[in-house]
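Note that chain A is present in both complexes that follow, paired respectively with chain B and with chain C.
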Partner chain A sequence: MTETVTFYIDGQAYQVAKGTNLVDAAKMHDIDIPVFCYHPKLKPVGMCRMCLVELGSLSVNRETGEVERDEHGEPVFRWFPRLQTACTQVVTDGLAVRTTTEAVVQGRNSILEFLLTSHPLDCPVCDKGGECPLQNLTMGYGPGESRFLIDDKIRLDKHVPLGELIYLDRERCIQCARCTRFCDEIVGDDVLAFHERGRRLQIVTISDPPFDTKFSGNTTDICPVGALTTADFRFGARPWELQEEATICPHCPVGCNLSAGTRLDRDAGGKKIIKRIMPRQNEWVNEIWICDKGRFGHHHTRAEGRLEQPMLKQNGAWVPIDWPAAYDLVAAKLRQYGDSLGVLAGPSLSNEDLWELRKLAGLVASEPKLGVWPAAMTGGDLVAQVGVGSGTMLRAVGPETAILVIASDFEEEAPIWWLQVKQAADRGAAVVVANARPTKLDRYARAVVRYRYGEAVSVLNGFAAQALKDKSLTGKLSESRVAGLSQLRAALKGVKPAFGDAGRMLLSAENLIIFAGGEGLSVAQHRELMQAAANLLILTGRAGRANSGLVAVWPGANMQGAYDLGYSAEATQALLDTPPRMWIIGAANPVAEDARAARAITGAEFVVATSLFMTPTSEAADLVLPRQSFAEREGTFTNGMRRVQRFYTVQGIIGDSLPDWKIFAAIGERLNGPKARISAGAVMKDITAHVPAYAQASYPRLAQVERQFPLVGGDDLYYGGTAYFNLSGLGLAIPPVAEDGSAQLEVRPVTVDAPASTDADLSLIPVRVLYDRDVLFEPSRLMHHRVPPPSVELNQADAERLGIADGDRVAVEGDGYQITATARVDGRAPAGYALLPVRLSSTPAPTTPAACTVRKIGE
Partner chain B sequence: MLAEKYADRIEKIFSKYPDKRSAIMDLLYLAQEEYGWLSGDALEEVAALVDVDPTQAHSIAGFYTMYSEKPKGKYWFQVCTDLPCALRGADDFYQALCEYLGVEDGGTTEDGLFTVEQVMCLAACDRAPMMQCNFHYHENLDLDKVKALVEQLRQEAAAAQGE
Partner chain C sequence: MNLLRGFATTLKYLFEDKVTVQYPEEERPVRERFKGRHALKRYDNGLEKCIGCALCAAACPADAIWVEAAENTDEERYSPGERYAKTYEINMMRCIFCGYCEDACPTEAIVLEHEYRLTFSDRRDSIYTKEMLIDPPPPGVPGTPQQTEPGRYTRSIPEMKDPL
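This part shows the complex of A and B:
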């Protein structure tokens, strides 16, 4: 247990953990000490002086060492002569604070009067009006009128773009430095700073691109005034008009909790639409942060071109049909082709959708092939075995925890995890990054391990061999609990422990979290990587513990859910090897993303796709069914750490679109399947009954909340910022099998396939970038300037050999694909490899490593 | 480029500090010495040397008054006009200097040679009027002395140009 200390606020004694900041300590006991510059997630700086209080300490008799008491027996305090800043004070035993005396009231009043001398008081036209800490604190503590001479007011620029996403109003800024400190301390992108000093102090950025960080939107949440506003929301609506709805980000496996500010909007024909996306607090997941993709990537929910009716291809032309006809047609085709059916589930299908799709396929095939898309990573079943244990909280891990990030460009693939791992490193966690090329996390890693693409497994095997040498780590393992242990021991005997320093760091910490991406690996190789990670965790006894375990950095929001419900990338591979005659494709765009999949799908006899838009995949289908986006419906996603989280209906429905689960269930009814459920919650009830891991994940359970610290929103706007208080559920973390002490675990020796040598010039490595042209992101036009043009990264030596310079147009070709792109020679690509960011063009490219040639083409 | 031209000096500067980032102020002085002022390009160059975002270099250059983010004359006269210096006639001296050079307060001569500027205390009150010229002190000044200095600097500049 942490040590507690007793301190006094206005004469009342309170207890709090030793070392707590005074403002936080008061807040924990629901006492407000008003602040502007202080933020519970940032280090204190004592700049704004709003938190002035009287500080004192217990008066102790020097001879006896006893606390002095007055005639009533109350303790006597000695007070410092002047007001002090509470935010720079750590609570110690016997500390006393007075927050309501005349001096304190006057101090606050004067600070507010000073702050308001240069503030424009344009609240009626300010986006922050209505949720503004300065407004609130002025009402609470400030003077009713100003003595300031308006002629002496400093007039500064308004509408200053800090990049394309965030606007700065220089007049409104009160120089609290929350934004600069957020960028510096939390993100590590030191792209905002103060310029000049005194009354001329101003926020500036000259980074390129301006305000160059993936987390810029968060500065608007913690800005205590209307100085920073987003391009997405400024002048969009007043905060008090908005109805906040709880939802989950559909873009990546982190599963950030979001709050969608919605209203009935004139521009949308009176429909309820999303006006802005804000973070919703979940200290287990995203804390109070979200990345810019999550914040600004919601425009697909109401973009032009959303499908509104089922569309049937007849003689090459699209004809709208009604839903019953569509259901009948699919049912008839399933009867016809049921024995040769392929299912592809996209990364943003909810668990309910996946469940109904699986049930539907099961009606016509005894062992339906349930594939996921993108099929670049696998091993969700291993995550279910040795995933992170109950009570895992990234924001709390420190020196007792080691974190290995392997085969992932972490910031691009899971920005908020990146942010949390970066901060864990700042707190002393041993972060080790293993990848074939440099990534941004290297900067914060205690050790960096380089391997050749395809040989990631050898890194993990090296660590495992090192662990085997340490009997204190592996001595207690028994063959009865861990199947395959002796084979693994035997296989690792021949492996030389490599990367000694990194291994020691990872193995000496109490906990070990492994984030495994899929960069540079085929599906089969990725299976081996995941198995090697599971081996390491089981061997070292790290499996099934809090803040320990395996996490897959999936290319999508709900791929872990797909694995938990029986889908896999191996099934996709099998389907592509022997293409079926009929496909059901749910919310995926394989035709645009992968040349091989495109061939397999276009060659089929009947393809039905659910989609938001007419994508290349929809174009290749025979029947396209309009699905609802995450905003129009309820459902659940399982994030990469296996936390099942609910999202709620946020906005009005577009056209006749339906949620995927309803579509699949209705088709099932026509095949004599069970009657369709009436709600997503009822579907989840079926899942809880049939999928043991999800037994507890009922909708009421997922909606449970608990008191979280720091407090945000509402009356605590001034404290934690405008992130939303979570009223709608923190979700449920599914414990891994390994957490059950009696459960049987399995290890299996894995070997490295030597990379196949080919005659081709280069090996093409698909890499993921955050800002891509995915169907869920492309419609967010304000982000387009951040989406890079199609490019391919080459090593300097390869580029010289091929006569290619940075910026040249090149053709990248291989078996069955050809892409034109801009060459980048920036020192990131290892020799012999061409890195191809995926989902940047609509020309299909391989989604797993492949041979390629690259040549320069004319302008 | 600073990195090539002053490789040794930069190496020496780095050796004084526990990490690269701490060397930024010394390097900003070096850049200012080389280019006369800190342009956006110069800030970027220094930021790249110490591996921070250019914004941070910009911020530091903005905070400290001895960095200049505006073009300056070849010779930068900083005259202290704080109270103790003013009591010894620094104010009048500054006026006279401006008139002699034909520039406004803070201005640069047409030939681009001289910039004049009033600054806060330079810690030489007892020898006022005084000024810095490119960070070298000139003390106990009067107009004649400064005229001589200006003349000498003009000749130096002309000679340098002739080379």
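This part shows the complex of A and C:
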């Protein structure tokens, strides 16, 4: 345990952990020391001098070593003659602070008056007005009147675009450097800097494209004034007019907690709509950060073209029908084709939706095939076995933890995890990145392991073989608890430990977190990768502990939930191999994304799809049912670390749309299934009763909150920024099976296929990019600048051989697909491979590795 | 006796000046500081004074005002400030004519004027939109939106003088 020390604020003694920052220490005891430049997530710089206090220390008699006391027996303090900045002070034993004396009051007063001499009177139109630390602290500690003339104020540029997402108002900037320090310290992107000095000091963007980071929006939250505003919200409402609703980001497996600022809107027909998205504090998940996709990617909730009625295809034309007719039709078709039914569940269906869909399929088929989409990764069942244990908090891991990120372009696939792993590396965690090509996380990795696509498994096997050599790691394993141990030992006998340094780093730390992506792997290969990761964790006893275990970097928000509820990518593969006669597709767009799936779906006799928009998949369906986006309804997502989190109804409903679970339950009623539940909460209750892992995940439990540190939001705007208090739930982390010390675990030797050699030119590797043309993201027009055009990355040698230069238009062809794209030759693609970012082109391409040829086409 | 005294009063008033006004044929002028229907003001160059800050709505004790703001551009400029009121509505059925909105306005854009004939036969008609509230531009001056030269209007809040 860390040592605690006693310190004194205004004569009162308090205890706090040694080494705590003084401002934080005061805050922990609900005492305010106002700050501008200090931020609890950043290193102190002492730039603004708002935090001036009187500092002193206990007066100790040199001879006796006793604390001197006055005649009343109170301790005597010695004070520094001048005011000191509290934010640069660490609490030591006997430290004393005075925060309310005349000198301190005067000091704060003068600093504020000074700041205001060059701050414009923009409050009435400023987006920060109403939740502005400068306003609040001026009201609390300011002089009340100015001795300076407003006409003499400095004039600077008021409308400086820092990229297309963030605007800077130079007059409002108080030069606290929170924004630049956020980019430097937390993100590590060299994008913002100070230019010039003195009063001419300015924030400038030094990257091209400007402000080129995936986390730019966070600077607007922590900027203590309205100098940084987002293009998305700009003038959308005044802060006090917004109703903040709690929700969860639907874009990626991190599951960031969001606060949606909503207001009625004339242009939306008087409906309540989302005006802005901000982070909601959850120190277990996203702390107080979110990426720009989560912040700006909410426009699908009300974009033009949202489906408002069930639509039936009749003789090639779409006709609207009512819900009962739609239910009857699907029920009749299910009766007809029930024995040949395929189910595809999209990545952002909530647990409730997945549960009702599974129940519906179960009514007509004894063993329904429940597939997930995208079907690029698998192994959610293994995550349930050896996932990270209770108490896992990524933001707190340090040197005792090693982190392996394998087969994932981490920043593109899970931005906030990337951010946290990067910071863990800064704190001393051993981060090892294993991938077939360079990714951004390489910069922060202690070791980088390169393998050839398809051979990721052998990297893990190498580590496992290395672990087996070390009896202190694997000696205590008991055969009775771990099934298959001897077979695994035997299989690993012949494996030579490779990448010794990386392996040593990973194995010497107390904890090991493995983030496994799916890049360059088929579903079958991915299962082997996940199994290899599970083997390694079980062999080394690293499974089922806090800050230790396996995490899948899923291509969607709730794919872990889908696995927990019985869906799998293997089922999808089986369905594509022998296409069924009827499909139910929930919130997925396989026809646009995958050529093979497109063929399997268009060939079916009856396809019903729930969708937000008329996508290629809905076009290929016979009946399209309008579903509600995450903003119009309640539900839960299970994030990649198996934290079940609740999202709430945020905005008004579009048209006659319904939540997926309701649709599936109503169809089930017509097939003599159980009566539909009346609320998402009731569906969850059903889940808790039938799915043991989720037994505790009732809605009231998920809504529980606890006091988090640092305290941000609420009245503490000046301290943490405008990120919001979490009043609506921190969610529930489901413990993995391995956490139960007596549970039976299983290891299995994994097979390593040699990469299939084909006579085709190249192997096509689908890779994920954050900013894509996904249905949930495409409608956010503001982000279109950042969405790259369809492209394919080639290795220098391959490009030369094929006569292709960077920027050429090329055709990428293979078995059953053909797309056109722009060639990129930027040194990331290994020889023999063509990297194809998924969900960028409107023509379907493979979603798992395939053979391809690339040729240049005319302009 | 009382009866007679009553009749005497009646008789006296028969010969005094009439106080009854034959409204609506006849109208009496209101006091200078009378607070009637609001008007949204313009500068002499036709630009709107309102910058869509919604402080009037915040100050209104009856929650009668609804403002939605949008950003000006030099191609389409409504006000000399950074933003303008895209939607501006007052529900006259809620308004208690206290004038707080006028007090709160940083640009003196909203003024309670002398119009008091506010009648409607449908509740919906009690909502006065921006088009109904805004003064016409001065004679010979274009209304809004206007196209303005870049760099002319750069302040977030226009100076409180006529920005001509």
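In this text, the second predicted complex is superposed on the first by the 855 of 859 C-alpha atoms of A that agree within 3 Å, B and C clash if a C-alpha of one lies under 4 Å from a C-alpha of the other, contacts with A are read in each partner's own complex, and residues count from 1 in each chain.
FYI, a contact is a pair of C-beta atoms (placed from the backbone, for glycine too) under 8 Å apart; a residue touches a chain by one contact, two chains touch by 3 or more.
Nothing here was measured: the structure is a model prediction, and the numbers come from that model.
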Partner chain(s) touched by A:693 [first = chain B, second = chain C, both, neither]: neither
Which of chain B and chain C A:159 touches, first, second, both or neither: second
Contacts of A:794 with chain B and chain C, given as first, second, both or neither: neither
Partner chain(s) touched by A:507 [first = chain B, second = chain C, both, neither]: neither
Which of chain B and chain C A:266 touches, first, second, both or neither: second
Which superposed partner A:87 touches (first chain B, second chain C, both, neither): neither
First (chain B), second (chain C), both or neither touched by A:331: neither
Touched partner set for A:124, first chain B, second chain C, both or neither: second
First (chain B), second (chain C), both or neither touched by A:235: second
Partner, of chain C and chain B, that touches more residues belonging to chain A: C
Overlapping contact positions on chain A, where the chain C interface meets the chain B interface: none
Touching residues on chain A, where the partner in the complex is chain C: 120-122, 124-126, 158-159, 169, 234-238, 240-241, 265-267
In the complex, chain C residues that touch chain A: 51-55, 57-58, 66, 68-71, 81-83, 86-87, 106, 154-157
Of chain B, residues touching chain A in the complex: 40, 43, 52-56, 58-59, 62-63
Complex contacts: residues of chain A adjacent to chain B: 189-197, 204-208, 212
